[in-house]
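Report on the structure given below.
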Amino acid sequence: MDIMQVEDSLVCTRRVPGLASVSLRVLRSASGSRAVAVDTVGARPGNWVFTISGSAARLAVGKEILTDLSIAGIIDRWEEDSRGESG
Amino acid sequence: MDIMQVEDSLVCTRRVPGLASVSLRVLRSASGSRAVAVDTVGARPGNWVFTISGSAARLAVGKEILTDLSIAGIIDRWEEDSRGESG
Amino acid sequence: MDIMQVEDSLVCTRRVPGLASVSLRVLRSASGSRAVAVDTVGARPGNWVFTISGSAARLAVGKEILTDLSIAGIIDRWEEDSRGESG
Amino acid sequence: MDIMQVEDSLVCTRRVPGLASVSLRVLRSASGSRAVAVDTVGARPGNWVFTISGSAARLAVGKEILTDLSIAGIIDRWEEDSRGESG
Amino acid sequence: MDIMQVEDSLVCTRRVPGLASVSLRVLRSASGSRAVAVDTVGARPGNWVFTISGSAARLAVGKEILTDLSIAGIIDRWEEDSRGESG
């Protein structure tokens, strides 16, 4: 599972049926790369979250939702800066 | 799920049976790496899309299609440049 | 499976149901990148561990736990420094 | 799915039973990293191919073949050089 | 599947039950990163091997073994140096 920060919501009108009605968030890792995750916990921009990938991502938010990345939880306290470089 | 830009179609006459009649797109990530995805939403060159990988990629476009990457949706509005470096 | 060092516990009050009551550890790889894993072996900060990813991660700690990374064991003796650069 | 170039065959006498009688190819990505894939389409050194990974790789070449990477098709025309840097 | 060189055995007394009695090897890729794999073919330090990841890794060595990486075979002849830089 990875640690990422919520950057924004993803607005995407045309989608495959398996993702029709889910909330999508754009996340940013410590190294600056971006990913899109399904959010069922109500994460807000700026929150640090940890994410589940693979088939567990699907099971975590409902088997019928066809995601490969889901927000698993909001981290209570995370100070990226004080931890120095991370990848 | 990842954010990528459609570059081109992939012309490939000789394929395994599980991908015989699907539309394939060459995608390019923000970091410049390329990948091939099945397209069922009608993405065009230049569109920014987000993609599903793994077994969810298969379920999203039809279980009998043997892909590990599918276009999940076309992003309404994406400005890569204004977001600076991303990986 | 990867070799990582336990850095800390992860405090995370709001989680998806599938990870409600498990111990989460923040791990750090030799290259400095971080990941979050479920711990069922009782690893402590400073321990070098090896981790299982994917669906095996789930099976290793109990199929109902929705993780994609689990600590598989504590390495008896690991000297990262004497091995030079690793990624 | 990824785009790679066939470099060579892989000669490997001692194998696990699940890969006993398949053709293995060494592939090279645009960034220079190598991988080994099962080939059922008859790709030759120099061919540019695209590959399927994960469980779809297995389904594409026969469920009993224990691969995580299979050649999915031979690309009709690919000019890596004219596309500049890719990863 | 990836090409790696066997570096050492991994001594690890405390493990999850799903890996209780298997041989574990530390492998090193051409780029210098390390991974841990289950070995059922009897690879020795210095051998170049190719590895299977994901669910196929589990099927290759016995479904009850909870690995995400298994040695698939020992390569008859591999000269990394003569192949130049690889990742």
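Chains: A, B, C, D and E, in written order; residue numbering restarts at 1 for each.
The working rule: a residue touches a chain if its C-beta (ideal position, glycine included) is under 8 Å from a C-beta of that chain, and two chains touch if they have at least 3 such contacts.
For reference, the UniProt names are A, B, C, D, E = Carboxysome peptide B.
This structure is a prediction, so every number in the text was calculated from the model and none was measured.
The minimum number of touch steps linking subunit A (Carboxysome peptide B) to subunit D (Carboxysome peptide B) comes to 2.
Between subunit C (Carboxysome peptide B) and subunit D (Carboxysome peptide B), the centres computed from C-alpha atoms are 31 Å apart.
Subunit A (Carboxysome peptide B) and subunit B (Carboxysome peptide B), compared by their mean Cα positions, are separated by 19 Å. Multi-chain contact residues of subunit D (Carboxysome peptide B) (touching two or more other chains): 31, 53-55, 57.
The cyclic arrangement of chains, taken from subunit B (Carboxysome peptide B) and going next to subunit D (Carboxysome peptide B), is B, D, E, C, A. Those residues of subunit E (Carboxysome peptide B) that touch subunit C (Carboxysome peptide B) in the shared complex are 10-16, 18-19, 24, 26, 28-29, 31-37, 53-55, 57-58, 66-69. On subunit C (Carboxysome peptide B), the positions that touch subunit E (Carboxysome peptide B) within their shared complex are 1-3, 30-31, 40-41, 50, 52-57, 59-61, 70-77, 85-87.
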